[in-house]
Each structure stands twice: as C-alpha cells, then as structure tokens.
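There are two complexes below, and they share subunit A, which is joined by subunit B in the first and by subunit C in the second.
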Partner chain A sequence: MNYEISLITTMAIAVMFALSLNLITGFCGQISLGHATFQGIGAYAAAMLGKAGWPFLATLPVSMVLAGLLGVIVGLASLRVRADFLAITTMGVGFLFVGIVRQQESLGGELGVSSIPDHGLGRVGFMALALLMCAGIAALSVYIKRSWMGRVFNGIAEDEDTMRVLGIDVPRYKLAAFAMGTSLAGLSGAFYTYHLTFIGAESFGFVESITVLSMVVFGGIGSVPGVIIAAALLSVLPAWFQVIGDYKLLVYGGLLFVMMRFSPGGMAGLAARFFPTTPLVKGGKP
Partner chain B sequence: MLAIELVAQGLIQGSIYALVALGLTLVYGLLRILHVAHAALFTLGGYVGVLVCNASGSLALGFLIAALVAGFGGVAMFRLAYQPLLSKPPYVALIASIGLFIASEEAFRIIFGAQGMSFTNPALQQQLVLGWGLQFKLAEILVMVSTASIIGVLAWLQARTRIGIACQATVSDPQMAQSFGISLLKVRDINFFVGSALAGFAGVWVALLNNLVEPTMGSVPSYKALAIIVLGGLGSVPGTLAAALLLGVIEAFGTIYLGDILDRNAIAFAFLIAVLMVRPQGLFARS
Partner chain C sequence: MNHPTSNTPLLQVNGVTVRFGGLTAVDDVSFDVHQGDLLGLIGPNGAGKTTMMRAIIGVVQPTVGSVFLGGESLNGLPIHKRIQKGMSLSQQLVRPLRDMSIQENVALAAASDKTISPLRAFLNVSTDRELAVAQTELARVGIVSMASQSPSIQPLGVLKRLELARALALKPRLLLLDEPLAGLNSQEARALATTIAEINQQGLTIVLIEHNLGEVMRICQRLVVLDNGKKIGDGDPRVVMADPVVRAAYLGGDALGASEAQGHSTLETQRA
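Here is the complex of A and B:
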C-alpha cells in the first residue's frame, strides 16, 4: 500500500506543478522555460524552514510568497522584453538558480539538503492534503478561466496588441498570471521537499522545466482536464515502465516534438477533433 | 599577463560560440524561430568529425564531411520539422525544437554510448610559445583564424553574390522578395545548410580542443547561443559576432573572479539578464 500512496502523492505534486505552469503558459500564453526554478524556491524555503523547526503547514505560505515574489520580479522583466525573449530570460533564470544554489554552502551546495523533518501528517494524511491542494488549484483554474480575468488572459495569448488597443492593461494581467503561477509552483515545491525528504539544485534544473512544459503541452495548452491527465500519466510512467525510465528524455522529447508537429492542441485538441461535443464545433456533424 | 591570457582564452571560446550562434541568428532572422535543435547538429558534427578522422586519418576530411553532414541534417530538419509549422504560433516551433533537441541528445547517447569518443591520434596539439610567457595549442590559434576567415568569406558572399543578396532581401521583406522571383524555399534551404554546416564545423573544433565528444556536448552551447543571439539583438549578424566574443571574454574573467558565487554557465545568463534590464532590445540592436 505504501508504494501506491507514494505514487499517488508524486502524481498529485506533478499535477499541482503542471497546473501552475498552465496558468502562465496555457491561459496567458507566456512560454516559461524555467518554471522548475519557482518550484525550487518553494522547495528550498520549505527545507530550510523545516530544518529550523517550523511545522510543515507553516512553511507552505512562506514557500508560496517567496516563489511568487521571485515570479513577480521575473514577470516584471518579461514585460520589458519581446515574447521571444521571455522564453530565453526564464531559461536564464533557471540556469542562474541552479548556478547560485550549487555554490552556496548554506543551502547545501552540491550535496543538497537532506534529512528534512517529518511532516507529521502520516502518509495518508499527506497524500490527502496533496490531493486536496490539486483539487483546489484545479477549481481555481476553472474559475479563473471562466472569469473576466480568464478571458483577458486568453485575449493576451491570442493577440496581445489587440488587447492593448482595447484598453486592457496587458502588463498587469501578465504579472497577475506570473504571480499566481509561480506561487503555486512554490507550493508544489514545499510538498516535493516533504515528500522526498531530500532536495538538490539539480532537481529543479532545465530538464525539470522542460518536463513540466511537456506535461502542459501534452495535455493541451490551456486545458485543465487535459493537463491534469497528462501530468498524472507522465509523472508515473517512468516508475511503471523501467524502459521509459531509462529513455525518459527520449520519450519526453519525442512526445513534445510529435505533439507539436501533428497536434499543437495536445490531447485536448485531439479529443476535440475526434469527439466534437456540440454541432457548433467546426467539422462536427450537425 | 593574466588579463591577456584570459582575453585570449575568451576569444577562443567566443569563436566557437560565434560559429554556433551564427546559424541560430540566420534562422531567427529568416523564420522568427528559436532553433534550439541547432546544437544537435553541432554534436552531430563532432561525432562525424571524430569518426571520419579516426577511420581515414585525415583531419581535413573529417572537417569537410562533418560540415556537409550537419548542413544536410539542418536542411532535413527544416523541411521535416519547421516548414510545416511556419503558419502556427511561434511557441509551437519553439517547443517542437526543444523536443527534437532533447530526443536527439538521447539518441546520441543510445547510439554512440554515454562515455563519449576521442580521436585516436589527435592532431594540432603542439604548443606554440609566444612572447610574455603566453603559450597556446596550435588548434586554439586555428580556431580563431578559421572562424575569422569563414565569417569574412560569408560576409563577402552575402554582400557580393546574387544568392547572398537574395538572402538579405528575404530577411528584410519575404513577400517583396518573393514577388521579385526569389524562391523563398531555396533561400531558406541555403540558410539552414550554411548555418548548420558552421555548427558541425564548430563541433569538430570542440572535439579537437577537448579531445572528447559526448552526447551532452551540445546542451551548454545551445542555451548559451540563445543568450548570445538575444544579446546581439535577435537576427543581427554583426551583433551576434560581437556578443559571442564578448561573452567568451566575460566568462573567462567571470570564472576567475566570480567563481565562488556563480558557476560558469550561470555567468552567461546573469550577464544576459543584467543587459536585458538595461537594454531590452539587446546589446547591439538599433532601438
């Protein structure tokens, strides 16, 4: 049973993480290639506070605030640069994070932080809390998507210049997306820390940023159910099939490429193509 | 004397960056795609160079075949991966490119093994002693010389030949160029061929300098080349060259003086972010 509980917790953390990126990349159309950095900030914050004697639940808000704060700073930078630059700037932030943390003895340096105290919730309790958080973030995502803000996000993703002409304060909304997405990534980081009880800078590097991006892309950029399913599947596949574990990057890379090349809408796009729900959908039978 | 040596080391490293980043800039100028998978061709060039050189004993043949294979690989990549995606939003091609790059890195590992390969008989390793206690490997000097001459020749071709002018026209206004009878597809093919051949060429030089090719040798140049083309002002060839050399030198100094705080790869991006804060359009772009 322990194995299954641990697997479900891993899935839940991946879903949280992927949904947080979906807010930025999916809803608002801002490609981030360094999202793992914000999970890393949350994870390190939780680890340092936890070792300093803070209870697990108290580390969560701090992780979120710190990650969100950095997110806003990166977001501020992103407002100044063109869309193409943002991908590279966020990638740069990722390399910077790993580069800095690895050299800081106070943050564990190359060895990382280990022997993180127990969260005191029990295995099942921890899993339940992680699942609850997932449900909360999913509900928040759906709510945002339907709200006025979600429509603006969608407009920015589709055509930023038109939104400016319409009198929308585009930078403010982008910043809001960054703040929400990165603080939720920080939250997933805190769970990550207490789940694995060991973290290192390498766990939040470029590969992880790409992994989470591939979850969002595979599920269908912007689709909440699609991203949840993709994150749940892709996070446990390596554990289920050792072959995939060995060739994890080949599979992820290949998936990203094939998806983009043949179905840029991801699984959600495929589903919409094969099962048009309403007669109004283009190509659907009346 | 340390300063001169650091500048020289920086320029050597910068030459390699320039060769790789040039192809990226060409592709960006033409298609507005961030071609991350470019570095896979750099790695491919390195492997082909080592294999051919070890089999035939001729380094020149290794360089030639590596550049050709990488060049045709680049054209194939364009036709199979990017051509069909040109009408989609830009992030689609970017993510596809990242996927392609990661998958090909793994493919190199699976095909050629994780521990890498070396030249059985590495050439150009003689030490040249210059004045003031400076000494360099012959290969290090030749990297700079060959980069400078190749770029010079390319600049001449671009300014003086019909094809070169067609390329320039396509970059500045594709539709107008097309209506003057320039084949866009041909120009794009040529650009991918030249850019990728340069990356393959650079791959052999790196293989020679380190006497090692490994599956992941492309990742650091790949990301750094992206930083370089942003610094150079996306799509600008002279800007890219200047940024490549500048970054090489800054890294050489940074590793000595900032090594305790940042590692080598982080220095490039710290510099990038600092520059973007001040000049969002890049270092050498006209605003």
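Here is the complex of A and C:
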C-alpha cells in the first residue's frame, strides 16, 4: 500500500508541475525551457526552511512567493522581446540555477540537501493534500480558460501583434501568466522536497524542464484534462520501465518531436480528431 | 461617442518625420483630422502612407514631430495605450484568430474594458454583453449571418468586413483603415466603400489609406496626398487631384503604377 501511496503522490506532484507550465506554454503560448528551475527554487526554499524548523504548511506560501518572484524577474527581462527569447533565457536561467546551487555549501552543494524533516501529515494525509492542490490548480486552470483572461491568453498564443491592435497590454498578460505558472511550480517544488526528503540541484536541471514540457505537449498544449493525464502517465513510466528512466532525455525528447510533428494538438488533439464531439478539448469554450 | 471640444482637431499630425537609417520614409508631414471627417490618405507605392499610419498607431515612433489625439500627445505611447485612448486600426492583412468564431473574434475587441488589465480579465467571465455588441457590429458591416462560422473558411470579402467589425467593436473615436479594399473585386470594393461611408455618416471619424482611387474619390470628403514621404496635396478631392503636382506624382511613378493611376484618373475626369 505504501508503494501505491507514494506513486500517487509522485503523480500528483508531476500533475501540479505540468499544470503550472501549462498556464505559461499551453494557455499563453510562451515556451519555457527552464521551468524546473522554478520548481527547484520552491524545493530549496522548503528544504532550507524545513530544516530551520518551519512547519511544512508554512513553507508552501514562501516557496510560491520566491519562485514567483524569480519568475517575474526573468519574465521582465525577456517577455518584452520576441517569444523565442523567453525559451533561450529560461534555458540559461536553468543552467545558472544548477551551476550556482552546486557551488553553494549552504545549499548542500554537490551533495544536495538531505534529512528533511517529516511533514507531519502522515503518508495518506500528504497524498491527500497533494491531490487537493492538483484539483485546486486544475479548477483554477479551467476557470482561467473560461474567463476573459483565458481568451486573451489564447489570442496572445495565436497572434500577439493582432492582440496589441485590439488594445491588449501583451507584456503584462505574459507576465501574469509567467508569475502564476512559476509560483505554482514553486508549490510543486515544496511538495517534491517533502515527498523525497532529499533534493539535489540535478533534480531541477534541463532534463526535468524538457520532461515537463513534453508532458504538456503530449497531453495537448492548453488542454487541462490532457495535461493531467499525460503528466500522471509520464511521471510513473520511469518507475515502471527501467529503460525509460535510463534514456529519459531520449524518450521525452523523441516524444516532443513526434508529437510536434504528427499531432501538434497532443493527445487532446488526437481525441478531438477521432471523436469530434468529445468535451475533452472543448472545455471552457462558450 | 466622445466629442472633443469644438476647435481641437481629433487627430493632429505635427511635423512628423520617420527615418529608417538613411531612408526618410515620412518627411515633415503635418495634417489635421476633424471630428466627423472621412479623410483619404493616398499616394503612389512607396509614398510613405503605411509608415505614416504606423507612426499614428505607434508601431514606429516618429524621429521628429508628434501625433496628438484630441489635443493629447501620443509620443512614446505603445500601441495598446493608443488603442485604449480611442483609436482603432483595421489592418491591411486580415488576421482573425482562427480557433474562434467570427462573433467571438469581434467580442474579444468589444471586451476592451474587461481586458484592460490581467486582474480584471481574470475576474470577468460573462460574455453576454460582448457577444451582443459583436452581433450589432457584424450587422453594421453586413456579415451578421456568418456570426457563428469559423473565420478560416471565409472569402476575403467577409474577412475584410470582419476586420472592420473588430475595429468598430473597440468603440473608437478615430478609425484608421489600412487598404480595406485591397484584394477585393470592383463589386465587393464598391459595397465595402459604401459601408465605410455609412459608418462615417453615423458620426465616426475615419482615416482611409487606399489605392483604389475611384472609391476614394467617391466617398472621401478630403484627401491628403503623400509622395516620397512628403505631403504634396491636402484638401477637397477634386481640387487636389486636379493639381499638376499631384497628377505628376501619379503619372511619373513606375510604369505599372503610372498606367494604373492614369486609368483611375481618366475615370475620375470622366466622372467629373
């Protein structure tokens, strides 16, 4: 039973993480290649605070705020320029994060941070809270999609020049998406820390960023149910099939390529093609 | 509609010069647009019309000079701020958002007060009012029967009208139209030009960039003519087009442009 609880918790954390990127990449069309950095910020914040004696629940808001803050800084530096600039900047920030953390003895350096205290919720309680957070983020995503914010995001993803001519403050909307997405990534990071009770800088590197991006693309960029299913599935595959764990980058990179080439709409797009009336991808549209 | 105080022009273009490196695209151009005007901004290819329009809407910033809307300087303001101040632009290249219906496209423009900030957009869900506005504007431009269809399958004539409806849904004080008739056949062009004239008669101030001189002469009350970035004519369409300098600019252009312009001019002479 412990194994199943742990597996579900892993899935829930991956779903939180993927949904947070979905706000940025799926809804607003901004490609981030360094999303794991923001999960890492949240994870390290929770780890350091936890070891300093903070209770688990109190580390959550701090993790979110710190990750969101860094997100806003990175966003301000890159969102005013062309869209592909964000991809490059976030990738750079990702390498910078791993590089810096590994050199900091106070952050555990190469060895990472271990013996993180217990969250005190019990295994089932922790799992339930993680699932609750997933449900919350999913509900938020569905709500955003239905609101005017979602419609503007959608427009920016398709054609930002036209949105400008419609009087939309495009950089501000992108920044809003980035702030929400990165702070939720920070939240997933705090759960990650307390779930594994050990973290290292490598856990938030480029491979993880590509992994989460492939979850979003595989599920169907922008589709909330699609991304949930894809993240849940892809997060447990390495545990079930050793070979996927060994060739992670190859598998996820290949998946990204295949989906972009043959079904840019992801699994949600495929489902819509085969079952034109499926409510899966229509979610939210009036 | 917002009426500025009686004597202030709605739009003032004041000594605007736009240089790209060594090229002067617009050279010290000034003109006013008054409330209720339907002004034609014309000139041969490469005259600087589109650059002028871009300087007004904020895609490019003038190297020298200023643009005022209702007496208020627009210098340095980004596009979306200018739109929020009451301008709207119907673009030459029609770019509807493809994954929503025609009506939803227009509704997005009609929601400008809800989408002014991300927070306000986040807090607003209802689309009833915007869809109703979209319906009205689509009726105004004559494509209300296509409201629920996808823009992807529409002919250019419908898309040009969709672009116009979207610009109208922003409830502008000043409407800028960049070659709305381009690519339409003569029948479609005539019908859309008539629609534009009607919208102007309902009180909206319009600046129209257009190559189709026949329609421009038919509907515009005033012309501003640019050539090589300079203003060479400004005033009553017939008087302006009778000016030898303006005629020379049209006839002296490249062979293709010249013959085309000549055709139009002959037409106009006949009509006059």
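Quick note on the criterion: the second predicted complex is superposed on the first by the 276 of 286 C-alpha atoms of A that agree within 3 Å, B and C clash if a C-alpha of one lies under 4 Å from a C-alpha of the other, contacts with A are read in each partner's own complex, and residues count from 1 in each chain.
As a working rule, a residue touches a chain if its C-beta (ideal position, glycine included) is under 8 Å from a C-beta of that chain, and two chains touch if they have at least 3 such contacts.
Given the structure is predicted, the values throughout are model-derived calculations rather than measurements.
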item	value
Overlay on subunit A: subunit C relative to subunit B, clash or fit	fit
Touched partner set for A:257, first subunit B, second subunit C, both or neither	first
Contacts of A:132 with subunit B and subunit C, given as first, second, both or neither	neither
First (subunit B), second (subunit C), both or neither touched by A:88	first
First (subunit B), second (subunit C), both or neither touched by A:172	second
Subunit A-centred angle between subunit C and subunit B, computed on Cα centres after superposition, in steps of 10 °	80
First, second, both or neither for A:147, with subunit B first and subunit C second	second
Subunit B versus subunit C as contact partner of A:214, first or second or both or neither	first
Partner chain in contact with A:57 - subunit B first, subunit C second, else both or neither	neither
Comparison of subunit B and subunit C by subunit A residues contacted	B
Superposed arrangement (fit on chain A Cα atoms) - minimum subunit B/subunit C Cα distance in Å	10
Residue numbers on subunit A that touch subunit B, as the complex places them	29, 31, 33, 77, 80-85, 87-89, 91-93, 95-96, 98-100, 102-103, 206-207, 210, 213-214, 217, 247, 249-250, 252-261, 264
Subunit A contact footprint on subunit B (complex, rising order)	32, 34, 81, 84-85, 88-96, 98-107, 110, 219, 223, 226-227, 230, 234, 260-263, 265-270, 272-273, 276-277, 280
Subunit C contact footprint on subunit A (complex, rising order)	143-144, 146-149, 151-152, 154-155, 158-159, 161-162, 164-170, 172-173, 176, 285-286
Touch list for subunit C against partner subunit A, complex	57, 78-80, 83-84, 88-89, 91, 95, 97-100, 104, 108-109, 111-112, 114-125, 127, 166, 170
